[in-house]
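Take a look at the structure below.
A, B, C and D are the chain letters, set down in written order, and residue numbers restart from 1 in every chain.
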Amino acid sequence: MKREVPLFITFFVGTLLIASVFIPPAESWGENFSVYFDIIAVFAFFLGGGNLLRIHLQKVASKRPDWGYSIVTLVAFLVMLAAGLFKLGNPGGISGNLTTAQSWFQILFQNIMSPLGSTMYALLAFFVASASYRAFRAKNRDATILLVAAFIILLGRTPFGTMLTSWIPPQYDLLQVPNLAIWIMSGPNLAGQRAIMIGIGLGIVSMSLRILLGIERTYLGDDR
Amino acid sequence: MKRILLTTTFLLLLMGVASAQADSAAPSPPAPPTGVKAVDKPNDHGHAVNISWDMSPDDGKGANSVVTYDVFRWIPAYMDSVAQIRAGLSGIRDTINILDRANRKWSVLEEHLTGDSAKLANDSVVAAQRIPQLRADLKRFRQVLASAVERLPEAHKTYPENGSWRRVGTVPAGQGKYSNVGSKEYEEPDYLPDFSDFYYRVDAVGVVSTTRSSSEVSAPVHSSGQWFNTGRTTVLVFVLAFGFLTVLFVRKARAGHDLYVRPLAGIDAVDDAIGRATEMGRPILYLLGAGTAADIATIASFTILARVSKKVAEYQTTLIVPCYDPIVMSIAQDIVKTGYSDAGRPDAYKEDMVFFITQSQFAYVAAVNGIMIRDLPATNLYMGKFYAESLIFAETGALAGSIQIAGTDEVAQLPFFVVACDYTLIGEELFAASAYLGREPLLLGTLKAQDYAKAAVLLLAIVGLLAVNVGHEANVEWLMKFKELFKVID
Amino acid sequence: MKRSTYIVMAVMALLFAVSWYFKAATYHGNVMSPLVAGFMITLAAFLTLAIISFVYQDNPFYKFAEHLFVGISAAFWMCQSFWSTIVGNLIPRISTGLSKYFGQPYRDEPWNFVYWLPVILGILLLLRLSSKIGWVSRWALAFIVGTTAGLSFIRYLRSDFMEQISSTMVPLLAAGNSGESLLSNITLSATGPFVAMLTNWVIFLGVICGIVYFFFSKEHTGLFGRASRVGIWILMITFGAAFGYTVMGRITLLVGRLTFLYKDWLGLIS
Amino acid sequence: MTEALVVTGTNLGVVISLALIAGGVIWLLVRSLKGKEVERRVIFGFVLIAVSAPILFPITFHEQISPVVKAVFDKIESLPAGSTVAISFDFDPAMAPEVQPMANAFTRHCFAKGHKVVFLSIWATGQSLLTSTLDTVVRREFPEKRERIDWVNLGYKAGNQGVLNVIVSDLRKMYPTDVNAVPLDSIPMLAEVKAFRDLSLILAVGGGFPGPKEWVLYVGDPGNVPIAAGAAAVTAPQLYPYYPRQLIGILGGIKSAAEYESAMVDKYPQFDSVDKPGLRMMGPQTLAHMVIMMFIIIGNIVFFRSKRMRSQL
């Protein structure tokens, strides 16, 4: 019971969905199952939210290092949850639109969550620079190829790229850096992407099959 | 009175002259399209018809006067009475919704209101008492509609009596086909009944919509659903072939054939990295990525986590698994717990090893960054779906001096992992990793099947390429079409 | 805490107050009261700075911003999915009373009872909190994983696998769009027919070698090994090029945040 | 080579920030010769300055025009004054930051050369963006140009490539009137223009469907009209197969827009004072790219120096 039923459910649901692709009346099943999936995922939020509360309450209770910050998390979580679930400050009441401009939910989103998120994203500008410095070194042949390709593309995006190679006559203008950059993107880059994608496609198909056939069952939490 | 009469006469005259002028000024209509054919739309669940025609001689050439084609279908008058029943039905539905809404709004406010508003509120609440009655009506209407719809094929048989031509679509000049797709739900206004005789006609229309000419009427056609989508036969062939290969090699593996697999640097590094963490006495950070359980990459990551947690338990190192998705967290908890009990140390498993952070991409990044800098893990493993956060993780990890091993099938993020991490499992290698780590013959058998599929790809690509090139050079139509076999038709 | 920490804290608090005052005094909109508006923009600016400060080193301001962000965002997504999935998609199909309460029109459709399936599975999932019958939660997980496997199987077979193979089959001798004779015009002109053909060859051979690299059960030696080497080079070019190409977008993100600080907060530029 | 360093904008902030970056890089280069690694925070500081400086002070770099862009510029230059040119706005607000600068630059260039311009759109979302160009460029900078004599706005027509298919041979069939319902026959500048094949040049600005590709297939090829494209960076590579035979030139992404703006200023110094969003947006990009490239170079010098030092030990 404990092992066989889940394996059967997986096999049955998966095979059903594969078959539905070939049967026009069942074509929309895939979408429907995705909706069921979303609904189950919302139930899982109880688990997630419960876990979050538990971890931070424990931290506060046992006064572990940085426990004060856990209070920040707890308060922020509960305030936002209340603002969203009870639609606090929403002129439309409980049936109003969740993201109405004056509602607490939207104000907190606009002024706290949104700037924090986009700043975190913007840190990438710094990390792109440090990664370039640290990792683009001609240590061996593979690394050199990586470095040269990146450098050509970068150069092609600055006025220097055009300057340095504009003397090359039109018959050989593939060698001008901006053209070379475009060529790398549309030639070798495309080939590489495609090879990776074919591999991924196969890998996923094979992995799905392993799951359906019950060969791969670690997700059930027993590795035997 | 007389003046009015005079004015009217004058105006009428003027209009007559104007219309006569318009008539004489109107350009001659374009030649009609010919050969209108209507067929049931293939590979669908019915309720749709494909119409095609030979374009008018005046389309793009000749007088070049076609602007659009109007597609007409003959519709029996009975269809209108069905539509009326349907309109009644949706009218009742709307009324119920309105009363419902008003009632809810007012009943909340009722006790706080005075004067006119109170009366209004009271009215709404009283009106709402009719809702059950309306629901009964709705039910009755549904039955009437259902039986009315059943007679539609019958009504179509009366062609050309008791009906009229209605425009069902318009396409710009230069095109010779149109799909008349209706709804399969008979409560929708655009419902198209199956198994009814449909007649189609196409008009070529000039700049002024009155300059038009009609084609012959097409032969009657039925729309109907099919049980198999022939457009996807190639896909089915691939599914069966791949399934066959996998089962074959799994059986072979079961029979005890030894299967070779080449070493993968990223996989070998995993064990070393766990050892290193033990020596340094620092924890191991394992990220399952920003994917959900709906991503195969995440499931592949579970199998690697199973292996890692068992090793970690054996070496008595600490494991940190911050999660992005609650379902993923649940599964990961089970896996780590099993890993510890497999290693014979169930007591060493702690509930807070695997925990949930948030389902917001950059908040997750912010928190994981904090963990990396404060707990200084010796090894960071990134396996699964990663998006823009990949480089932020990898750089922060490098700053904290951790050994980093990544694996993802997100093509756009692979460059960042390859550049910033010590080892990277590229795409397919991530899915192969579970088979590698487990060293189970069954899993290795599926790898072999995968390789055969790849060999088939190479072969197909070369054959296809030859076919396309030979076809292109020699102008052989069917050879050039070879690649169409792989095109995915919807 | 050290004394210097307190001094830094006090200075930041003072700066915050000053900014609050000035932003409130110069607020011209009428969406909210100037005091609230001044506070909000100051808060947004300080949080932005707190996150950026992480690249220097971990510090209390970053920790504060991080923990605030986690709390707010966790609740944000829970509320979002509650309203869109449960109230928007589930309730209108299973309960007239609840849909009335939430102001959703009830959707009376024949197959509605199917929607009880995810509800039951969701409840099974929650049962994992019980140690006794926790194992039934695996049924829900099995459903989820089965759905994933079934959907991914077909989707990737079609889009990543078959589509990509078909686009690799391109004419290798034809001269592209320009239709000029190939042999009469062997130049390295970026738009010439020779380069167009060269590109097609590179793509074809690149894909073949790339796939060879991914073979697991054959030793990479001899000709096979050489093809696999070329495959790695192609992959390296791909990664290098894609990295270089993305830099521009990443910088634009920082431009956006700095513009917020300089323009909306400090008013240094107009 | 020196031309690349031509930086416009001469205030103290520009000089200081550029000196800071240049001096810093030289200092790091010298250090790197001794095999010393650069600390990560120093890199971050450089990035911060490189991105901030052009936002705070108007630093723009002179972009040398690349051949694909130059082809468009030269074409507009070489047409005799008074030629009729069409500019089509086939994009939406999301794409606008990248391609609207191109449309604006084309508009300025055509008016500066004394061409007559037909504005239109085959994207429903293009209409409002077209109006914004008319308001901010045409009416403000060229008040002397009169509507319907020097330019005309045909507005948006639904029908995607169907529209193109018709207007290539008969403009009045699709557009009996302009956007203000004035019949085309009473518009002086269109007296000679019966169809789009009578135009001297079509500038198709956009990147989705329908876009420059459809202009080539339905108007350029059948009508034998020269077409130039302005496209978003992501879609530009798909247009290269049509260059140079079917498309006389292509502007791809903000960098090409900046190149065009640079070329405009070189030829017509009076445009130096107008807003040049292409060049403005390229400022932080260029500076940051240069800083990153310098760091790649420094990183490699450090690597090779320290390798040699280690082998000497």
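In the analysis below, a residue touches a chain if its C-beta (ideal position, glycine included) is under 8 Å from a C-beta of that chain, and two chains touch if they have at least 3 such contacts.
Every value quoted in this text rests on a predicted model; they were computed, and no experiment measured them.
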Which chain has its C-alpha centroid farthest away from the centroid of subunit A? D
Give the chain pair that accounts for the most C-beta pairs in contact. A-C
For subunit C and subunit D, what's the span in angstrom between their mean Cα positions? 29
Computed distance of Cα centres, subunit D from subunit A, in Å: 32
Separation of mean Cα positions, subunit B and subunit A [Å, integer]: 18
Touching two or more other chains, which residues of subunit B qualify? 104, 235, 239, 242, 293-294, 296, 299, 327, 330-331, 356-360, 362-363, 366, 374, 414, 416, 418-419, 426-428, 432, 447, 450, 454, 457
So which bits of subunit D are touching at least two other chains? 40, 44, 47, 51, 240, 285, 288-289, 292
Residue numbers in subunit C touching 2 or more other chains? 51, 54-55, 63, 65-66, 69-70, 72-74, 76-78, 101, 103, 125, 128, 141, 144-145, 147-149, 151-154, 156-157, 159, 161, 165, 168, 204, 207, 211, 214, 235, 238-240, 242-243, 246-248, 251, 254
Could you list, by residue number, the parts of subunit A that touch subunit B in their complex? 18, 21-25, 27, 34, 37, 40-41, 44-49, 51-52, 55, 58, 66, 93, 95, 113, 116-118, 120-121, 123-124, 127-128, 130-132, 134-136, 146, 193, 196-200, 202-211, 213, 215-216, 218-223
Help me check something: in the complex, which residues belonging to subunit B touch subunit C? 97, 100-101, 104, 234-235, 238-239, 242, 259-262, 264, 293-296, 299, 327, 330-331, 356-360, 362-363, 366-367, 369-370, 373-374, 412, 414-416, 418-419, 426-429, 432, 444, 447-448, 450-451, 454, 457-458, 460-462, 464-465, 467-469, 472-473, 482-488
Which residues of subunit C touch subunit D in their complex? 55-56, 176-178, 191, 196, 247-248, 251-252, 254-255, 258-259, 262, 268-269
Touch list for subunit B against partner subunit A, complex: 43-46, 104, 108, 225-229, 232, 235-236, 239, 242-243, 246-247, 250, 292-294, 296-297, 299-300, 302-303, 306, 310, 325-327, 329-331, 334-335, 337-339, 342, 352, 355-363, 365-366, 374, 388, 391-392, 394-396, 398, 409, 411, 414, 416, 418-420, 426-428, 430-432, 434, 442-443, 446-447, 449-450, 453-454, 457
With touch defined as at the start, can you tell me which subunit C residues reach subunit A in the complex? 31-32, 40-41, 43-45, 47-48, 51-52, 54-55, 63-83, 85-86, 89-90, 101-104, 114-115, 117-119, 121-123, 125-126, 128-129, 135, 138-154, 156-157, 159-161, 164-165, 167-168, 187-190, 195, 198-199, 202-207, 209-211, 213-214, 231-248, 250-251, 253-254, 256-257, 260
